[in-house]
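One chain, chain A, links the two complexes that follow: it is found with chain B in the first and with chain C in the second.
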Partner chain A sequence: MATVSDAAPPPRSSMLGVRLREAGWGYAFVAVPIAVFGLFFIYPFGYAVYISFFHWGILGKQAGGSGTFNYSKVLHDPIFHTALKNVAEYTLGVVPLTMALGLSLALVINQKIRGRNFFRSAFYFPSIASSVAITTIALYIFNSDGLFNRIIGSQTPWFTTASKVTWAIVGLNTWTTSGTVMLYYLAGLQAISNDVYEAAALDNTSAWRTFWKITFPLLRPVHFFVLVVFGVGALKVFDQQFIVSGGAGGPNYSTYTPVLYIYRAAFSSFDFGLAAAAGVVYFVIIFAVTLVQNLTVGRREA
Partner chain B sequence: MLQTSVATSAEPYIPGRARSEVIRKALAYAVVILVALIFFVPFVWTLITSFKTIPDSVNVSLIPHPWTTSAWRTIWTDYDFKRYIENSLFLAVVIVGCNLVLAGLGGYAFARLKFPGRELLFLLVLGTLMVPDQLRLIPVFVMLTNWHLIGNFSGYIFINLVTATNLFLMRQYFLTIPKDFEEAAKLDGAGYFKTFWRIMLPLALPAISTLVILQFQGTWNDFFWPLILFGQGSPSHYTVQLGLAELRFTYSTLWPQICAGSLIAILPVLAIFLAFQRYFVGGVVSAGVKG
Partner chain C sequence: MRKRSGVLLGLLVALVLLAATAQAATHRAAVTNVTLAGWSSGPDEDALLNQVIAKFNATHKTIHAEFSVINGDYGTAMTARFAAHNPPDVFYVDSSVVGAWERQGVLQPLNSYVKTSKYDTSAFFPSLLGAFMSGKTIYGFPKDWSPLAMEVNKGMLGQAGGKAPTTWAQLQSVAQQMANKNVVPGGKPICLAADWARMLAFIYQGGGSLTNLTSPAVANAVSFYVGLISKGLAVTPDKLGAGWCGEALGKQKAAIIFEGNWLLPYMKSTYPNVQYGVFPMIKGKTGGNLAFTVSYSMAKDAQNKQAAWTLLSWLTSKQGQTIWMSKGLALPSRKDVKAIGGRQAFLSAAPFAHGWGFGNPNFATAYTVMNNDLAAVISGSKSVQSMLSDAAAALKG
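Right after this comes the complex of A and B.
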């Protein structure tokens, strides 16, 4: 291509003009998006760190100088520890369960059954429905005198018992997100060549063995993708706990998650400095988790 | 043992395999139908309750007795859902429109136009994906407070004018369009904006459809930012999701109304999903292949 333009060079001044004009339009087209991203994403990143070093209230920076006091307060706050423990328990519960259910549904749907498109859509739909509405419906069905308790003959208030609520939300979100995970696994299953299965069939390998020895290892890229994306997503859980507890994080701090902690530090205690520090701390924690995932599961992946 | 049986003949195994195939099919149907039931029952139950009276809403009965539309009427009149729906629709339409134009223009420029610093700026676009909401929550709230943009729609619209995901989606699609179209337009003397508006944008219809559908769903379902920006004492700006949460917090036993409100919060997305399923499914799967 370069040789073509070399062979017939256009007048230099007009070439420069064309380039300048193109660059001008380029800048014009990206100006607003870059302004939005700079103003509401990149700049806030630094501003959050700045705020975290001050006593900062609803009216702005307060007297008392700067320092790392917000960080030591977050790191020594038992409620923040509880929030971390809650989200760890939630994530370690919801991610494997979602992967298992998503993969099972994908395996079933991947067979030549009638109405597979219908079932695929039915399983996927809860993923895209409003989380507030889904959580509200779950509160109704798992209420102490709700449908679920009537069926199993109990009176347990699943979402208002401190020892049960994390697992109730695990169950709820396994239901809503396994449909999306199923779609990823379906794509993965369809990418596996038929030859592999034909070879296994010739060897008379049982379906169970074929799955564990062939299908499951070949789905490794999907496992990794789902683990990283849905793992980080689970660490950011907020809507469900907020709706369940009315934004209070109860009973007995059992629905406190780190994001809810940040929200409450800001809009219930009006301590923006503390909220910003918690945001930075939690960002670092999630970043570290992602890094560890990449270095362990991801390295074998590559 | 296994080896010899394979070597001698595959024939005798066919009946056995066919039988196991039948069992597997039956099992598969049993599983999908069971799971589908578990997935559907909550929605059906919610629908039934929305036609019940409050005392009847704690009964396990499939037929409302008496049958009433009072929950649907009262959330409209007494519990302000009409306003919530208007607010949600207004925000969704404006934000989808802005994203379409800005992500389209930006995506086109990043895909096709040459300007110094393009790669660096594109890195900045991708960098925004690294900044989570819980980190920018405080600074963005402080900035919008200083600019008096808390508790009105413009603040919410500003922070949602265009997303990196949408811009990336448009750029990737523009990269797949052959350059012949633009060169023909250039020969006809069309400028950059005209080329974009008349040639490139119509060619990008599949990407546009995905953007419109997913952004509408995202804005309609959004709870976090409306809670931050309108939840601090601006009930007149409540969206459907915020209004539903408020209804549940304030009147925790008005189950028929709460159920009707939940269905309203779900229905527009359900309608769009039924009409444009392949865009949802396609979007997810292409993201999965990339990953």
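Right after this comes the complex of A and C.
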């Protein structure tokens, strides 16, 4: 049994000193990442907002004064509208498909099957391969006389047909990203306590019902996380469209995405003011989408 | 402890001495370094360029030129270098972007250097030099060029009468014969890219021009070009499983294509067994062709402009260009340098060739709009008239 004096708290003032010192160390540790964050994110972001109000070229500010002209140009540009429509179609396609495939793979891997480590690596592999390399090879596979058409017996040039290219990229990216989603779901599955499954087993619940009534709802935090992270990732899609169209967003603007719009405004038209304005507009859009997700799917999470 | 600091001090002194002697060495020779940047068009061309530069360095003791290849997106990389005020001294500029770069103020006007060094500009083909001029101001000298020509598979042409077409009407009838006799199994008689960089040649042949896109002559030429596709006589290369029409010719999926001098080394290395002939570009109402050309230009922020000019003017001189032309990878932009044999079909286009870029600072941006629209016209989802008015608006900026 400890003596009274042992258990007594130290005098209040020295406690405060300890806290302050601890806080000081805390801030010291946080200072470095905050400085990096500030230098490479906050400062460029603020600067981008600044230049979005000017005519801005390669060498800096140009004549023509300041104003919101870049914003009105972006908001009235039919190409930007097409880009938004394209990315919406892409996101609505790729996110649910990736989640469904990722969850299915996770359910398979979560079983006690032989060689699960092999399958886990195999499913994850496309996620770590370079998207540029994968897309370049896909160009050949989806060629009019490529492997894919040989298998399904058609001659469609998938990446150069305006009505097909978005879905070809959806298919490609579903395959490449579902491995990562699988890992998140796997972690989520393993976090579900065995007790609930045992209770379900005692009640003689079917596997199908167990999945929909227990597993799926209990994975809600993972659904939310994947939806937000991969939703935002899908909205920022760029590389695949850039490669299949040679950077031109064609055919008929079908591979124009908002990020490609920003890229082209900056590096093809050298209109950095317009590119910055488009970036700010698109930031607001993504922010709003995330907010909506948070209020709908995220709310009941706690 | 003292011993160790003594060693350190000794090392430091040695280092300083070394640096000082190194500096003294460069001072003695007084060599100015000049950087040259461009993209790579393959190992053959890189080797040839290094050969040209080695010759320059051997004949210019006070200047050392070095070539650095910019891999990846050339325009993006150069934009970053310009913005950082750290561009290469001399670099390639494609005629399609020279107008935009000039407007951004990153290119050095060369007139004063031409004047003081009495550089003879009359040796250049006027349409090629003109592609790099704005009014009377020169922003670069063409290092080489290529127009389009007509390349035809010899065996397939033989089966269709053996006579290469020279006019639009003949092109259509030869293609029709090829289609009737099924001379190109699994392909189409003609390969046409969904690209204004090909169609614009036809527009000039029809008497139109880029500056008057709403004229009926332009609409007629576009209808002819797109009509060849809708009639089933021509097809875009992607439908043939090819990245471009040169590949379609190589795979024998098309008999007639319209490509530039760059096709020749490609066919030689990739499809050496395909027998094809190079013919002058066909004519409509008149001759019409495009001049794809690249300049050597100088940066406004170049470190040593006098040395940069020495390099630039030597590279584009008769002597420099003669070495550059020795392998036939491109055509000479100077009248006093001979092309290697078998290039007559290309050279005959010089009087009709319009510099790709057309001195329009909005050209590179408009070109994207024009090609996206052309794909829509070919697939039938856009009218020719609305494409032409889009194009005219985009060119205006």
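Following the convention adopted for this analysis, the second predicted complex is superposed on the first by the 263 of 302 C-alpha atoms of A that agree within 3 Å, B and C clash if a C-alpha of one lies under 4 Å from a C-alpha of the other, contacts with A are read in each partner's own complex, and residues count from 1 in each chain.
We take it that a contact is a pair of C-beta atoms (placed from the backbone, for glycine too) under 8 Å apart; a residue touches a chain by one contact, two chains touch by 3 or more.
As the structure is a prediction and not an experimental result, all values here were calculated from the model.
In this superposed model built on chain A, chain B and chain C take up the same space, so to speak, and clash.
In the superposition on chain A, A:251 makes contact with chain C only, not with chain B. Looking at the shared chain after the overlay, A:57 reaches chain C, while chain B stays out of its contact range.
When chain B and chain C are set side by side, the one touching more residues of chain A is B. In the superposition on chain A, A:212 makes contact with neither chain B nor chain C. In the superposition on chain A, A:145 contacts both chain B and chain C. Legend: residue contacts after superposition of the two complexes on their common chain; A:270 is shown touching chain C, with no touch to chain B. Once chain A of one complex is fitted onto chain A of the other, the partner contacts of A:160 are limited to chain C, with no touch recorded for chain B. After the shared chain A is superposed, the part of chain C among 44-52, 80-88, 134-142 or 224-232 that runs into chain B is 80-88, by C-alpha clashes. In the superposition on the C-alpha atoms of chain A, the part of chain A touched by chain B in one complex and by chain C in the other spans residues 58, 145, 247, 266-267. Across the complex, chain A is touched by residues 73, 75-76, 79, 82-83, 100, 104-106, 194, 236, 238-241, 362, 364-365, 368-369, 371-373, 375-376, 379, 381-382 of chain C. Every residue of chain A that touches chain C in the complex is listed here, in rising order: 57-59, 79, 143-146, 155, 157, 159-162, 247-253, 256, 264, 266-270. By the touch rule above, chain A contacts chain B in their complex via residues 19, 21-27, 29-30, 32-34, 36-45, 47-48, 51, 56, 58, 60, 104-105, 108-109, 111, 113, 115, 119-126, 128-134, 136-141, 145, 147, 150-151, 175, 180, 183-184, 186-188, 191, 202-204, 207, 221-222, 225, 229, 236, 238-239, 242-243, 246-247, 258-259, 262-263, 266-267, 272, 275-276, 279-280, 282-283, 286. Of all residues in chain B, only 2, 5-6, 13, 20, 24-25, 28-29, 31-32, 35-36, 38-43, 45-46, 49, 58, 60, 102-103, 105-106, 108-110, 113-116, 118, 121, 124-125, 127-128, 131-143, 145-146, 158-159, 161-162, 164, 167, 191-193, 196, 217, 220-221, 223-224, 227-228, 231-232, 240-241, 244-245, 248-249, 255, 258-259, 261-263, 265-266, 269-270, 273, 277, 280-281, 284-285, 288-289, 291 touch chain A in the complex they form.
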